[in-house]
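Next come the structures, one after another.
Shared between the two complexes below is chain A, which has chain B as its partner in the first and chain C in the second.
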Partner chain A sequence: MSKQPVAVVGVGQTKHVAARQDVSIAGLVREAAVRALADAELGWADIDAVVIGKAPDFFEGVMMPELYLAEALGAVGKPMLRVHTAGSVGGSTALVAANLVAAGVHGTVLTVAFEKQSESNAMWGLSLPIPFQQPLTAGAGGFFAPHVRAYMRRTGAPDTVGSLVAFKDRRNALKNPYAHLHEHDLTLERVQSSPMLWDPIRYSETCPSSDGACALVLTGARGAARAPRPPAWVHGGAMRSEPTIFAGKDYVSPQAGRDCAADVYRQAGVTDPRRQLDVVEMYVPFSWYEPMWLENLGFADQGEGWKLVEAGVTELDGDLPVNPSGGVLSSNPIGASGMIRFAEAALQVRGLAGEHQIDGARRALGHAYGGGAQFFSMWLVGSDRPGS
Partner chain B sequence: MTTAAELLAGIPELAGAEPVTRVTIPARLEYTYSPGSAQARFLTALPEKRLLAERCPQCTRVYVPPRGACPTCGIATPEQLELPHTGTVTTFCIVNIAAKGLDVEVPYCYAYVLLDGAHVGLHARIGDTPYADVRIGQRVEAVWDDRRLGPSLASISHFRPTGEPDADPESYRRWM
Partner chain C sequence: MSSPAPSPVHSGARSGRDVAVVAFAQSSHTRRTDQLSEVELVMPVLHDVLKQTGLTANRIGFTCSGSSDYLAGRAFSFTMALDGVGAWPPISESHVEMDGAWALYEAWVKLQTGEADTALVYSYGKSSPGSVRDVLTRQLDPYTLAPLWPDSIALAALQAQALIDAGLTDERGLARTAVRSRRAATANPHAQLRGSADVEDLLRRPYEVEPLRRHDCPPISDGAAAVILAAGDAARALHANPAWIRGIDHRIEAHQPGVRDLTESPSTRLAAAAAGAFDAPLDAAELHAPFTAQEIVLRRALDLDDRVPVNPSGGPLAANPVMAAGLIRLGEAAALIHRGEAGRVLAHATSGPCLQQNLVAVLESSAGGTR
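On to the complex of A and B.
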């Protein structure tokens, strides 16, 4: 049986904010789902299955939220599936949904990811003591800060590179009505003088804590032909995992990330990602991860990622814009953050990204990572149907 | 859109009541942890101020704390060895904000210490030195906490600089 082509025909997001006190988790995910269906001009009856993802249940303290969200997502009488791969889950969830369409299991699939951080305590959830390690990891920032320092040491990158990324992403967010942070008065100097939380990571180089959801409608060639707006075609998608700790693990540029990107490029026939991709939505929760992932994803040689940042290559008007939406640094509903990257990549190649649209974008990469830099999920979407 | 207040206004018995938009539900969890034989050996050696590790028979990498199996080769690691209390800082950060539930005073220096002979870093606190002096490649040694000796890594209070010259980067480059 040959693989069916997969198209993104509907994209929906909530306006990401610090606290959505007006809705429950069910209301939040439904809002994103309704918007994705409206974009696709489809109704609940057109959906054959629902795939949902979020970060650990421990965050909000709601065990197996998919059970209680079935009716809010129109899944009654249909298959519903929960995915979890830590921070990369939004991407993995979209890929599981895409694979169901590609395999011909379901015709049209709704996929949704969310986090309601205002009802959760993620830093506590990520700092639980374990008996065989000293309890020293203060949230995700505390975990990743030593690896950022290792990158700086390895490459000799100037201290200012992280602030350039943070300032760029926050300015990009001003063009994205769904972004959480709209810091109109932010200056580069303010980023550089913001407090050190986990030295070398500063406050302004850190993602916010957001409530938000994202939803996609995925379908095959027949569904795409009926879609009212241009679809985004999935040209490649892959996931990779590796252990949190093993001798020789490269936290700065994990093997699993390199392998995942190579698989996606192979599927999409991409041999020179720097030249062949028009825009990247990359999972950058701490600003230094932009130069790190530029290397890991093959956009720069080892040790050279920070030079692209410094040269402005990843700016909105650079030749490889990274995170025109403002990225995770501007909105972080954890479980949804990966799917937002995938969704924003799709919006770019559909030409529907609004004010942060990159002119003529035909190929875009959506990227997510999670856990101790151990889970990776990526997809490459294009404006043309694969093989055409 | 109908607000919660408008909905309540339609119910005479609830006239004037504040709508409930948020409730706090405390949850407390306690787990019993079975460490398995490899970690049990490691934990029970700590009160004797001994650091037990295991070597993989295939790739020869040395794991501390030991796991009983090599995550790369997927085979049992029966060979045990004892490591010295000295090592090298391979990377670190200074934590300036307190995490709820973590019993550590801020600021503190959270480091990966590669014990001599090991191939994975141990998570440790660096102390007895100004944080501005902590650096990648610095040589350090364990400071045991005689009041807290027990089957837990709390037996090691922190690591402190030995004063030796910094380690050759080649000695730890692959094990950061």
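On to the complex of A and C.
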């Protein structure tokens, strides 16, 4: 059985902010969905199914909120699926939706991911109470900081590398009208002197808490032919998971991440990702994850990722731009953050990324991870139809 | 139901690759499992279902689970349950915050793409740590409905009263459904409630929420279930009598109970039409109707008359582990085919207040219906 080609013909997102007090949860997701439909020049009646994703329900205090969102997303009378794979969920949700088209089950699918973090305090939502976990960590930063420290020890990376990533991403965000943080006055010195939150992660090297949503319209070859703007074609997509904690787990470069990337590259016929990919939107909630993922995803040899950062390779004008949108460091509606990576990758190969467009981008990777660096979802999109 | 069966809307649910349920396992559902963590609840069921096929976790092409953080009382509860799978080396895996029936649907789609030939699906729910009827109020519209805390039994009672007011059933009819289900469960070693007093006795008991009495409501259960799916020759290699999924589809309705006719289930009817349920006679049906009155609604939506045995397992009135009860219907339907007791069985799962969202699958033996 051969898969049907899948194309992204609509992308929509909200302006990500600390608190969208002017809209309900339904209003937030609908805003992104309406923009994606407008991009595709389609209406609600053109959508065969809706796939929605978000991170833990406790963040908004609504159990299985897709039930209440059925009307807002035009899903009444249609199939509606709700995905939850921790921080990777935005990516996983897009992949589940893409599979519906690839399998030939549906012609055109709307997929949406969101988080309205202002409804709660995500840091404490992520700090599991006794008896589930020993009270050793506060928030995701508390969990990941030791892994960053391990990376620094393992590679001998200088202390400043994280601040370079943070400064780059926050500057890139100035070119992205949807980004949450627009810090016009930020300097590298200010990043480096910002308060230490979870040693070695400083305040300015940490993602914000955002309210936001992202939506994509996915369709097959026929839908792509009718689309008013260039589509992004899905060349490969995969998910991989491994347990949270086990003896011998490599938190710095998890095997599940390597396997997931290898699967996506195999599907897309990519043998040298550093040369063959034009741009990467990777999930970097804490600055140091950029060099860590550069190695995990095969863009750099082990221990060499930080050197690419230092050499400016991942800058907007470098030869492997990473997170031209400003990334998770500039906008983090958690459940949507993975889908925003996938969406930004699609915008790049469609040539529709606006001021943060990478000239001539033809192949882009969207990447997301979640849980204890254990859930991975990725897709590789291109401007050409696969096989053409 | 008077309306004609709708023609399937655009959906490939009945075309594509042949996929079958080749194994099913479930826990013995109980009122509480204080001594068990979720991973301890899930693990024996996973071992059971894998043993039936001789497969190991790393030989499964795709794994998908369904569960709810709100039952567990903690964020990311499914991440620990994954330890029960033994996801090492890393596996291709996903999770839905839905009943496991929808996890099965996601796995079925994955197999349709050809990216995998086998899938492990599991789900679990521990209702015992909290008050599940209050917890489920958190599913409601957070602005207009949840603040009123209408609990799951109160909403089901509204639906039951609407049926009675429409002359479609009465309290005696509901009691008969309860008696039939729980007596059928005497043959099911996994059921929590087995056997029942007779109708006259039940009708003398007090209301829980009028018009529902305790017998009209599901038990509160902790439990888990798992299924293995396989495509084509892989299915034939793993089971002598695979339960082929001839069609599967799911639909959602509006959320606000006030804008729905609670005596009807148009989403069930649409899903059933798309799954091919009306194309040939059925030998049995496993319906995810936690409340007696909901079985009446579903029977009408599915055109099921008394000739079709409904819930020979006892159904959710005999054991209702929330998040797994829908997957168990698919598993029980498949088991009837595996055992040669039926040739064509309908399985149904529901989610949300008053049957808001519904999934229908039609399973067949290789020979098809009528045993």
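One rule holds for everything that comes next: the second predicted complex is superposed on the first by the 384 of 388 C-alpha atoms of A that agree within 3 Å, B and C clash if a C-alpha of one lies under 4 Å from a C-alpha of the other, contacts with A are read in each partner's own complex, and residues count from 1 in each chain.
Keep this in mind: a residue touches a chain if its C-beta (ideal position, glycine included) is under 8 Å from a C-beta of that chain, and two chains touch if they have at least 3 such contacts.
The shown structure was predicted, so the numbers you read here are calculated from the model rather than taken from an experiment.
> Please indicate which partner A:Gly156 is in contact with in the superposed arrangement: first for chain B, second for chain C, both, or neither.
neither
> Identify the partner contact of A:Asn121: answer first if only chain B is touched, second if only chain C is, both if each is, neither if none is.
In the superposed model, A:Asn121 contacts chain B only, not chain C.
> Touch test for A:Gly360: chain B only (first), chain C only (second), both, or neither?
The answer is neither, since A:Gly360 touches no partner chain.
> Quick check on the superposed pair: does A:His147 touch chain B, chain C, both, or neither? Answer first, second, both or neither.
The answer is first: A:His147 touches chain B but not chain C.
> Counting only touches as set out at the top, which of chain B and chain C does A:Gly139 meet: first, second, both, neither?
Touch status of A:Gly139: first partner only.
> Give one of first, second, both or neither to describe whether A:Pro79 is in contact with chain B, with chain C, with both, or with none.
In the superposition, A:Pro79 contacts chain C only.
> Based on the superposed arrangement, let me know which partner A:Phe246 touches: chain B (first), chain C (second), both, or neither?
Both: A:Phe246 reaches chain B and chain C.
> May I ask you to decide whether A:Trp198 touches chain B, chain C, both, or neither, giving the answer as first, second, both or neither?
first
> Looking at the overlay, does A:Gln255 come into contact with chain B only (first), chain C only (second), both, or neither?
In the superposed model, A:Gln255 contacts chain C only, not chain B.
> Hey, what residues of chain A end up touching chain B and chain C alike?
Residues common to the chain A contacts of chain C and of chain B are 61, 128-129, 132, 243, 246, listed in rising order.
> Which residues of chain A touch chain B in the complex?
21-22, 61, 121, 123-124, 127-129, 131-139, 142, 145-150, 153, 195-201, 243, 245-248, 250-252
> Write out the stretch or stretches of chain C touching chain A in their complex.
Residues of chain C touching chain A: 9-13, 15-17, 63, 68-70, 74-76, 78-80, 82-83, 86-98, 102, 105-106, 109-110, 112-115, 135-136, 138-143, 146, 249-256, 266-267, 270, 351-353, 356-357.
> What residues on chain A touch chain C, complex-wise?
1-3, 24-25, 48, 55-71, 75-86, 92, 96, 99-100, 102-107, 125-126, 128-129, 132, 238-244, 246, 254-256, 259-260, 263, 371-372, 374-375
> Can you name the residues of chain B that touch chain A in the complex?
Going through chain B, the ones touching chain A are 21-22, 25, 27, 33, 35, 39, 42-43, 59, 61-63, 65, 71-72, 90-104, 108, 110-112, 119-120, 122-125, 131, 136, 152-154, 156, 174-176.
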